[in-house]
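Each remark here refers to the structure printed beneath this line.
Labels for the chains are A, B, C and D, by order of writing; each one numbers its residues from 1.
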Amino acid sequence: MGLLLLVLFPAGAAAVAYFVRSARLRLGLLVGTALLHLASTARLWADPVGPELGGWLAVDALGLLVLTLVSVLFLVVAVYAVGFLRTEPPRGGRVFVSGLLGFLAAATLVAVSHHLALLWVGMETTTLSLAPLIYHRHDRRSLEAVWKYLLLSSVGIALALFGTFFLAAAQTSGRPLLLEDLIAGGARLQPALLRTAFTFLLVGYGTKMGLAPLHAWKPDTYGEAPSLVAGLMAGGLTSCAFLGVARITQVTMAAGQAAFVQPLFLAFGMVSLVVAAAFMIGQPDLKRLLAYSSVEHMGLLVLGLGLGGVGPYGTVLHLVNNGLTKGVMFLAVGNVVLVTGAATREAARGILRRLPVSGVLLLLGLFAVTGSPPFGLFLSEFIILKAAIAQGHLMIALTVVALLAVIFVGMGAVVLDVIYSPSEVPTRGAGESLLLVAGPAVLLLAVLVLGLYVPPPLNRVLLAAARGLGVTP
Amino acid sequence: MTVLLWAVGLILAGGGGVLLLRRAPRLGERLYGALLVGGGVVGLWPTLAVLRGGPTLRVTLPGSLPGGAWVFGVDPLSAWFLLAVLGVGACAGVFGLGYLAPERGHRPVAAAHALFALLLVALVGVVTAQAMVPFLAAWEVMALSAYLLIMFESEQAAVRRAGFIYIVLTHLSTLALVAMFAALSVHAEGQSFAALAAGNQTPGAVRTLGLVLALAGFGLKAGVVPLHFWLPGAHAAAPSHVSAVLSGVMLKMGIYGLLRVLSLLGAPPPWFGWTLFGLGLGSGVLGVLWALGQHDLKRLLAYHSVENIGIILLGLGVGLLGLAYGQPLVAVLGLTGALLHTLNHALFKSLLFLGAGAVLRATGTRVIDQLGGLGRALPWTALAFGVGSVAIVGLPPLNGFLSEWVIFRGLFVAGGSREVIRFAVMGAAGLGLIGALALACFAKVAGVVFLGNPRSPADASLSPGDPPPNMLAPMLVLAGVCAGIGLMPSLILGPARMVAVSIAPAIDGGAVSAEWGGAAARISAFGLGLVALVGLVLLLRRSLRQGRVAQVAATWGCAMAVPTPRMQYTASSYAAPLLAAFGPLAGIRRHREATAFHSHPVDPVQDVVVVPVWHELERVSLRLRRIQGGRVRWYILSLIFTLLSLLFYLTNSRFAP
Amino acid sequence: MSGLHELLLLCVVLTNFWVLGTTRLSSTIRATAIQGALLAGLPIALHPGWSLHTVGLAAGTFAVKALLLPAFLSWAIREAAVRREIEPLIGFSASMVLGAVAVALSFGIAQRIPLQESNSSLLIPVALATVMVGLLVLTTRNKALTQVVGYLLLENGIYVFGLSQAERVPFLVELGVLLDIFVGIFIMGIVVFHINRAFDSLDSTRLSELKD
Amino acid sequence: MTLGPLLSLLLVLAVAPVLPGIATRTRAFLTGRRGAPVLQLYRDLAKLLRKNVIYSRTTTPVFRLGPIVSLVSILVAATLLPLDGHTALFGFSGDLVAFTGLLGLGRFALVLAGLDTGSSFEGMGASREVTVSAFAEPALLLGLTVLVLATGELSLAGMLGEQLAAAWARTLPSLVLAAAALFMVALAETSRVPVDDPATHLELTMIHEVIILDHSGPELAMILYGQALKLALFGVLVVSAVVPRALLPSGMAALALLGGLVLIAAAVGVVESSMARLRLNRVPQFLVAAGALAVFAVILLLR
């Protein structure tokens, strides 16, 4: 029952957290749950458990990656939240914590469910569990943000459900909507319905991933949500959404529909990169900037899937790196916001003098997120480029390079200005406590290590995860 | 190899030490200086061994990376560049101690020293890495530590702007290199350079793409026109000892990279050689021309780096053409000349930047037209700077002449052949023009800054006295090396040729080595003769004086009142006729008012092309941004649009049932 | 008894047009209620033989779609004191026309997607049509509440198609639908409520502060 | 045989000061004046060597070193030329680069010495000098390139000696063009009309003269002698480019050299009397024209 427990105990913790009165106890519960979750996730690496509930719950390489990513990110965010809520008025603390824990439960469900309908339920729950967190500040802007987020994600998720039904309709044999049977019986799926299913699922989960042009909710939401929530969304929620896309990709690849799937992925990838580049130029708000950067990286993910060859390997590696890096960036920006009150260029100047540690984190994070060696993202982007060239997409490769350059200029212009320029506005709030910088620092270190050294077990899992996403011979 | 690792360890220890001991700066900095010099000396040991024909060093770290293990090694090519890295690095580092000492307290001096050590280590890594990922990692660490050093005085808006332009272009170059390695690794098993070489011997689209990307990436780093415009600002903004390393060593990493990639890819196609040749000529002429117009001493030196990179590329181009057209002698001469000039430029350019730093510390300004007559206040600095000037202009008997001599010979020999390559001989005229313009420019710098009368009262009251020994000694050492190479070419010509041959195994060095030694001996004889003759005439001159004391008077003002310092010819008016002859190419903007006239230099690439284009791009993106208008309705519409177009693809593509 | 469910499906389409055409929020909600009732009838019509599964499904659907949600929505408009949908992006007749286009389009697309052993040829087209009308309402209406209704239509469309799978896929699907709609609509309702309080209007066009 | 180069070097050193005299004398003759005696320069030098010097307060040792370095560099340059028509006292492959480099060194030293006085006039002169030479240098190198291509030889001794004699018949047209180009360069390098006018007395119009305004006594003597020697060296270049002296017996060769030098000097005089001096901003065009001639010659050889 390990997997079921892994899903249930955060959910239970969420319920408990809602009724716990003492804030201290609540935070203890939050961090404790995160630690326990990470520990049990680590045990999954050591000795994998078999399928449960008749195969509805199981861990494969891809799920394990996403699960670990979410778990690590969540622990960091939980620790950060302790420092964050300390600076905040206590109002909403209960909802906040139980919302976080609810998200953990839902994300876990997404990661371990091998029944696509169950996966969809998990996805829905992630969406809803984060809504109150976005509305944390209870003002007009956050209200608008949560409205847009809910409307767009709900429409997307609904379309995903539509697609799931089509997938069920396409299936002629095996247990319905069970991943193993879908892949095993891939040849016997009805192609037309399968393609329809893929179309709707791509639009649905693509909306949650924030692929352009389905990304419109992202900047508004990330811009308004508290930074740690935004970080959790950019690192965790998008990874879950990508897992949804990856699952259906596994099925379609198994059904030999690569020729239908890959052009779509290429198109989404390039459009996302172009949109991100165009909207990053002269973007005055740090958090919106990061939102567009997230769009960019989602684009790279699907680009890798669309290229084939070593592309999928690059994609899964990029998934991990992107998740960690987004955590660094959003939490560092969160510290900036705590001190300056806003994430706009004018307000946030002079970071290096005001917040030395966060300033350095932000500086290094900028280079990490723009794929500079030796940070991990460089390695994954390198592999994706290699895939593009190896598959003969020279133009795509060159365009990607050009767009990455534009994106760097767009991000660098703001971030470096904010870091180095002297500030006009006065500082408010306390400086940076250890709770607020330790987490992002750890994540950054992890990203750095991943650029220099991929541990063999991780590499094995990455290879296994990539295998299903490529063209299976 | 272990010795080299020890050297790296020492340097890193120095950086760490100064950082740990920032409470006791004097002790920390002394330790840092000692370790830096020690590391440099220790590191030079294996380097020279390799250059003397010793075995190639190699170490393989077992790393679990997608693509395979990490390889580091020192072959002749690496060793050649290690000379510059370690030698110049140590000198500049020591200079930095004295240079930054006055900053203690209000700027993070210790951090700057530590970053400098990191920069040196990264440079060592770049030239010794024998696999893709370690190369790129070292490359980026180099670029970033350099960026942080450039931003040392980040409270000035000009510095921030220069730093931003630098970081953007260096990131561009990194991207290009990542793409290049991605292209080259397509056909390669694993990531080591050996594997790349094995995989890319046959021409093809991928190999061509790799060559183009290499040219872009490394050209950016080397500062080839039109990709040079990040360079003047950055080198002017950085602290002078850092500028010395940036200009003297870091630019050369672009050259190193080109040579390395070419050594992997075998004989390149002719078009590549011609491209380098043309770029070299362009960079050389334009670089020195733009330098002539500068008012800022360090910007001027930076533009001269563009010029010298041009000369190096010219030699490189000739060498590659020699390879492409099967002319071994031309190939060896071209490559050897390029390598020699790389080393020489590293020496005298860093020397000049250190000199500029000394001037800056003494006077507090880099504006040439406010300086003057410093020769009396800083005699030794003036001497060192003068040596550097003669060297960079390429006049006998110093080292600059040596490398240009080799390149000229390459051009002339090429002219003698029957191949298409013979038209390369026209480059000789270009090289001559470059030399003459450089002469004009450095006559201006040396003359206006160190000779004549001080132009600002502050300098007039300057207490005579050279900078402290830890700043003066590095300059004199570098000057000595410049003179040594110039007078003893046989020391350096042999190794240079050996390195050149190691790059292109296709050619046999024997063809060249024969008459080479004779020429070298002649050159040193004639250089020494020149010096001796000057001494002789000096003695004669003494004897002519017959004990009479020379009369002393004011400069003759041509029947005018005694000239005041403000009446002296300014650097700008000195350069005016020459720049006027080149018209708009020279990039000078003049402002005339009723009572005032002043001119200031602009960079024809940056200020006329790049910046306007970027602003246009910004305007477009701002217009495009209206899409994100905040109306949730439009968000859903774009979703619907996407859904419908996908459904269209679904039902109307060739997959439609 | 295939005639029956075809009839029901056509009525579903008609209710879609009703929603598109009406100006009064109350009648919009009535339309959704009626549509919910029709959908509740569908499982029985589709899968004859009164299995516990179908009956339970029908009952649940009726409870949620025909009673609970409409009640909740009308309560919401009473609280928010809004009666009519004023100045939509495009006029009602125009939106009717667009709806017709959407229906035609969905029928066109549907015949490219052959559904084997399907118990009705109308299922997919009607489902698609309802989905599209839902999206249409979402985009063309200004009142947040009306957009919620649009979302409800969207869900109904999906539900219609889901029914075709109800036999083969265990009832987790329907559970999913109900849960999703229930929670989705409920939370949206709450947000709408907050919107009303914060902006003292349900005009979602006011929600356009966040932009580039 | 080894004595040949040394003797001819001494010969050239001895006769060099005559050449400016001849030039001015020709000019005077053509303009109907008597003019200074041909040997005037010898007297001036002797007088200057005897005189004491006067230095400006502003100056540093650079001012004193300038004339010496410039003279020495021209002397050393002379040892690179095959003055006897066969071999140079001193030469190596590619020494033509050293030749131009030495001329450059001399110029550099003089310009710095001029700037050392801090006088605006000398600054102006320095500026003009480097401007002119910047355009003279490419032309000079192209002229020498013609010789290189004609003979396939990289040392001046070779390209003006035997090899030239061997290639002379084949390549005469381009050699003549090159000689013309070199002659134009010579006019610029030795600051003669139409580039500069040694006879002018208004500092504002001078180029070379104004740099050495403050030099006096022996130093001035060195500069004047160096200038004359420079003219002689260019004369040697031009003569040897068109006359294959290696074919003649050594005595004849020496005579040919002397005759040639006299003719060159006279030609300089003719030019000075026949054409006006160019406006300063037209000087580059004059030298570019010289370069164009040389380029044409190179093309002739490359095709």
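Assorted remarks:
In this text, a residue touches a chain if its C-beta (ideal position, glycine included) is under 8 Å from a C-beta of that chain, and two chains touch if they have at least 3 such contacts.
None of these values were measured; they are calculated from a predicted model.
Chain pair with the most C-beta contact pairs: B-D. With centres defined as mean CA coordinates, chain D is found 99 Å away from chain C. Rounded to a whole number, the gap between the C-alpha centres of chain B and chain D is 36 angstrom. Here the CA centre of chain B is 69 Å from the CA centre of chain C. Separation between the centroids of chain A and chain C, computed from CA atoms only, is 31 Å.
Counting partner chains per residue, chain B has residues 625, 628, 630, 632, 636, 639, 643, 647, 650, 657 touching two or more of them.
Residues of chain C in contact with at least two other chains: 112-114, 135, 138, 147, 204, 207-212.
Shared interface positions of chain A, defined as residues touching 2 or more other chains, are 147-148, 151, 155, 159, 192, 196, 219-220, 279.
If you check each pair of chains against the touch rule, the ones that pass are A-B, A-C, B-C, B-D. Residues of chain D touching chain B in their complex: 49, 52-60, 62, 65, 68-69, 71-73, 75-76, 90-95, 97-98, 100-102, 104-105, 107-108, 111-112, 114-124, 126-128, 130-131, 133-142, 145, 148-149, 152, 154, 203, 213-214, 218-219, 222, 280-281, 284, 291, 295, 298, 302.
Residue ranges of chain A in contact with chain C, taken from their complex: 117-118, 120-121, 124, 128, 131, 135, 139-141, 143-148, 150-151, 154-155, 157-159, 161-162, 165-166, 168-169, 171-172, 176-177, 190, 192-193, 196, 219-220, 223-224, 279, 283, 288. Residues of chain B that touch chain D in their complex: 372-373, 375-376, 390, 393-396, 401, 404-405, 408-409, 412-413, 415-416, 422-423, 425-426, 428-433, 435-437, 439-440, 442-444, 446-448, 451-453, 515, 518-519, 522-523, 525-526, 529-530, 533-534, 537-538, 541, 544-545, 548, 550-558, 563, 565, 567-569, 573-578, 580-581.
Against chain B, in their complex, chain C makes its touches with residues 89, 109, 112-114, 135, 138-140, 147, 204-205, 207-212. Across the complex, chain C meets chain A through its residues 112-116, 127, 131, 135, 138, 144, 147, 151, 154-155, 157-158, 161-162, 164-165, 168-170, 172-173, 176-177, 179-180, 183-184, 187-188, 191, 194-195, 198-199, 204, 207-212.
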